[in-house]
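In what follows, chain A forms one complex with chain B and a second complex with chain C.
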Partner chain A sequence: MAGGITFTAVDSTKLATAEIFGRTIAELGAENPNIVCISPDLATSTKMADFLAKYPERFYNVGIAEQNMIGIAAGMAKSGLIPFASCFSVFASLRALDQVHTDVCYQNVNVKIIGTHGGTSFGQAGSTHHAIEDIGVIRPLVNMTVIVPADGIETANAVKAAAATPGPFYIRINRGFDNVVYSTPDYGFKVGKAVVMNEGTDLTIIACGSCVYQAMQAASMLKHDQGLSIRVLNMHTIKPIDREAVLAAVKETRKIITVEDHTVIGGLGSAVAEVVVEGGKACAFRKLGLQDKWSAIGLHEDLLAMHEIDAEGIVKNVLEVMKMDFEADEDWGDEV
Partner chain B sequence: MALSKKEWFELETFAADLRDLTIDTVNWAGSGHWGGSSSSADIVTLIYRKFAKFDPKNPEDPDRDRVVVSKGHVGILLAPLFSLLGLIEKEQLKTFNLTGSKLGIHLDSNKVKGLDSSTGSLGHGSSLALGMALAGALKGQTYKTFLVLGDGECDEGSVWEAAMATSHFAKRGGKNVITIVDRNHNMIDGNTEDVMALEPFADKWKAFGFETVVVNGHDIPALAEAIERAYKGDGDKPYCIIADTIKGEGVSFAAGNYKWHYGALNEEKYNTAKADLAAFRAKRLERVNKEGK
Partner chain C sequence: MAKEVKITQSDLYAARIFFYAAIPLLKVICESEPKFGDKFIGKNFVFQISALYDKAEGGKFATHFVVEDGKWTTHVGAIHEKPDVEFEFSDLKKFIIFFTGKGMPLPKIKGILKLGILVPVLMALLRMAGLMQAKDKPEKFEDQIMLCKLYLYLIPNGMSQLNKLGHPDVKAVTGISPDRAYALIIEGYPELQSWIRMKAGKTMSGRGEYKRCKPFLAMKFKNPSLALDILMSKADMVQYIREENLFVDGAPEFGGTVGNLMFTVAYYALGTYLDEEK
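Presenting the complex of A and B:
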């Protein structure tokens, strides 16, 4: 981990997640002269302005041209720089997908894509600006690491890890403030390793991004009101996914609910389902997220509620899954 | 500038050898993109044999000039080119397109040493080249980045996003991109002006802020003069050379025929092509003998 960069829960409550990204990249820029930032007319929105103020010669505003941004980033990486290219997640994943696919992932170059305004966090902008398919679109790309941090502190950790690890990264963060999940950056963040936020034996909630906080709230409510012991995993890295943590959840809790601010097709839920099915063991399973429907216009917290990915929605679904009838297989000796 | 007779002769010979080895590779592979390969043959000959600071013995030299061939479907030209430069064994060309080969229609920069970028999805090379040029300038390196575009791929909007940015960032490195468009007038479905009109093409490049020149892309001395001017790079603008070429040049049944964007050879066609190319070589060398000084 890069030295000297630490954020506290206080910072996290005072700063929007993108602002923490902005400060992190500015500080990383001081340590590594090869780090450059590229923005398609979004230096302000994506909070790259700190970096711009400190290192104007290493900042490139390409205008409203996301494809060009990613292509330039790939060319720069081919020549030894570490470009951070940032724009709204929906445009990074869809508008510039061909460049992400061919220029970045096929060539396996050191480009870091920071997708902002992830999920429905830019709620009032409507579906043109919601990123509800980005994880599903980016996840199949060979060589790509996909991270969806739970809050500002985790964003700082993810950005530091990306800067220090060669290869393509896609980090998806939200617009505005995230509920604080971590009070310190020193909780053992590791790419590809889920964080157990809450131990439990009755059911596991696997969440990413803003849904981690909601899942923790839900677990707390379920404990107090129902006496249920709910495990909560923060699956910040969607790819490579922590298979061990998923299989342990299948084995130890036999019930899994995934929660994401994303369509239920192709994202975290699908990634977890792939692992579960290959594990070959019966497991009650439900994916929460956008159920193959466009979202609506509204405040982010209202949209989370609308899609039952807020604490109350998760509680309701947990209670339903707890009643699901499935045949438990006690013989783990025949595990594939 | 004047190429010496000797240098001109050597460049013509290299271009002729390149076309020969390309048609051989098309024959070994059974089929290939002969049309756009032959139209680009003189352009890449001049880049690699005359202008680019590029040592095949040290293809990863960080200070080398970069070359991005955005019309990536001419792998069947670039592989023979790299073979003539000593980067690929000639025998390896016989594996072109075969299962498991390192060589195929679109070359992979992670498999072919000396290839600065994988290309294939059209309209990507301009941004890649600009990124390389910006990186060089930021690091205080003086290398140039050659960008070879197909004319048909200029239908892609991304070409113009990057063109705008290349001029905009001229002082930050964009000026070190030397754009050469292979204007062979043909694409898969026909003439560019029928499929999607590009003209007034030079005016478009000028309007995007480029010092633009149109030159015969098969006239080695004229093309060399244009590239030399771009390489020297007087003024504030990046340079764009529109190289007017003939798709399939040098082979009677393919020259100017859009249907020869991609095609297959049988024995008869291969023999005709080889005979045509021999005559084409002789004709061009005769000009060197007549006009060279």
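Presenting the complex of A and C:
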């Protein structure tokens, strides 16, 4: 297996995404003695047990204290270590925000934050445990790289890239199992570069996280049922965003829908919109996600459907956007 | 009493293509080839081609050109009341027979004494007819490029004209189309590109690169000579795709749709329907 990752796509159907993170960090721990893990008493939930078992002397449980975890991680990074601090996304981004801001980003230290239970993936736990604003909160922080992997294999790639790249990273993964998007890690993952999952010219769907799989399903349904040619971009890196891919989508398809398991304010959709506006070329545009409201409590797949970020919801919105007129209706004269 | 000429719907389709898409190519000849275009420098006049048709507004179909110091402006489907030179066909059928090359029913020429205009106009018209009515592709490379340009500019415009006149086969495609463009491209020659944009029954055609978005489908020919093989129906499109002389970029499953639209334009522009009416 290329890149030293010892699990396969078959494994990824049996492993939760966080478990794949756990295995990856344990493998990286063998390669690099400077890698340490920190947890606010969540080693089981955030699946760091493999690392703990192999390298107990490099694992730190700081108790239920996310702010302390981030502050300690920043200090460790200052001393040359590469700390991976993992807890629920909602707490990493909101409760520990001041420490992330001042101790990590302002110091520009080499801390890797793994936010688990992202979006509505911990649906049954209720709104206090839904991380629906984390990207919007973390993205503006200077020096921070923000990645939302599409599945387990992409999570492994993101963690490896974070370990190899100096500076703060925020990697947001889901609780439980993700649908498998990639069967191999060798698809060209690169921080800051979107992956074209499907070529198309009628409209571009830009998605991140678990919504990438849903977008691909939607594109397939739209091709077979409607004859539509839909481009799908896996925008795994929200910051720095792949401006080139976004501007190409504007230029070449003139219609964009963003899909994220996050509020539509401040996340992927906002990041894409910033690029579109700066690009100066108009396009039809719609952001799918939580429309500035709290989510209900329920199973993740039900919540995806509720917020129209599952395949059927995306299809419905694509068909609506296909009918949107964003340009003055030209005279439709022929050039002579 | 003059014999009544029966004008069919097919005649109207053919006339639309000629008045709106083919005759305007005269300007392309004059702008592309200095040996024709230079003859109009310093001249100001109006040249019109028309065909009498009592059901048309104004009693005839016409397209006219306004030339000002050698610069041509085309007014498609528009009658000029006082052209300096006019070729007027006595009926639509004769006009079509003339332009499809099926016969030589000559028009009435108004302004025949204005030789300084008439002669260079006739030369440019003969150049266009000589290229477009040829059965085989020209040998000279520059002639191949010119003929490609004429074909590429004619075909999408012809499709758009048929759509605008409500041709059912064309409407069936455009009526259900999202906002899409289909392009014809000869690689390495930026001026040898053209396109048709469709959106919910509306169409527009243009020349050069389609810049609004990436075309839904682009037929990319390797060079002018190979393009003419396809455009003049001298080669099999599937075989040319297989041999990589033609590359279909985008949605290849719609290649057949474009091909059918091209054949529909050719059906009227070449007067094939006239043979079937006999």
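The definition used in the following text is that the second predicted complex is superposed on the first by the 322 of 336 C-alpha atoms of A that agree within 3 Å, B and C clash if a C-alpha of one lies under 4 Å from a C-alpha of the other, contacts with A are read in each partner's own complex, and residues count from 1 in each chain.
FYI, a residue touches a chain if its C-beta (ideal position, glycine included) is under 8 Å from a C-beta of that chain, and two chains touch if they have at least 3 such contacts.
This is a predicted model, so every value here is computed, not measured.
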Is A:D103 in contact with chain B, with chain C, with both, or with neither (first, second, both, neither)? first
Mind working out whether A:L228 is in touch with chain B, chain C, both or neither, as first, second, both or neither? second
More chain A residues in contact - chain B or chain C: B
Figure out whether A:P240 sits in contact with chain B (first) or chain C (second), or with both, or with neither. neither
Is A:G280 touching the first partner chain B, the second partner chain C, both, or neither of them? neither
Between chain B (first) and chain C (second), which, if any, makes contact with A:K251: first, second, both or neither? second
What is the contact status of A:Q67 with respect to chain B (first) and chain C (second): first, second, both, or neither? first
What is the contact status of A:T201 with respect to chain B (first) and chain C (second): first, second, both, or neither? second
So, in the complex, the side of chain A touching chain C is made of residues 201-202, 228-229, 251-254, 322, 330, 332-336
Hey, which residues of chain B end up touching chain A in the complex? 62, 66, 68, 108-110, 116-118, 120-121, 124, 126-136, 138-139, 157-158, 161-162, 164-165, 168-169, 172
Mind pulling up the chain A residues that touch chain B in the complex? 36, 57-58, 60, 62-63, 65, 67-68, 70-81, 83, 98-99, 101-103, 106-108
What does chain C use to touch chain A in their complex? 20-21, 24, 27, 74, 76, 157, 160-161, 178-180, 202-207, 212-216, 250-251
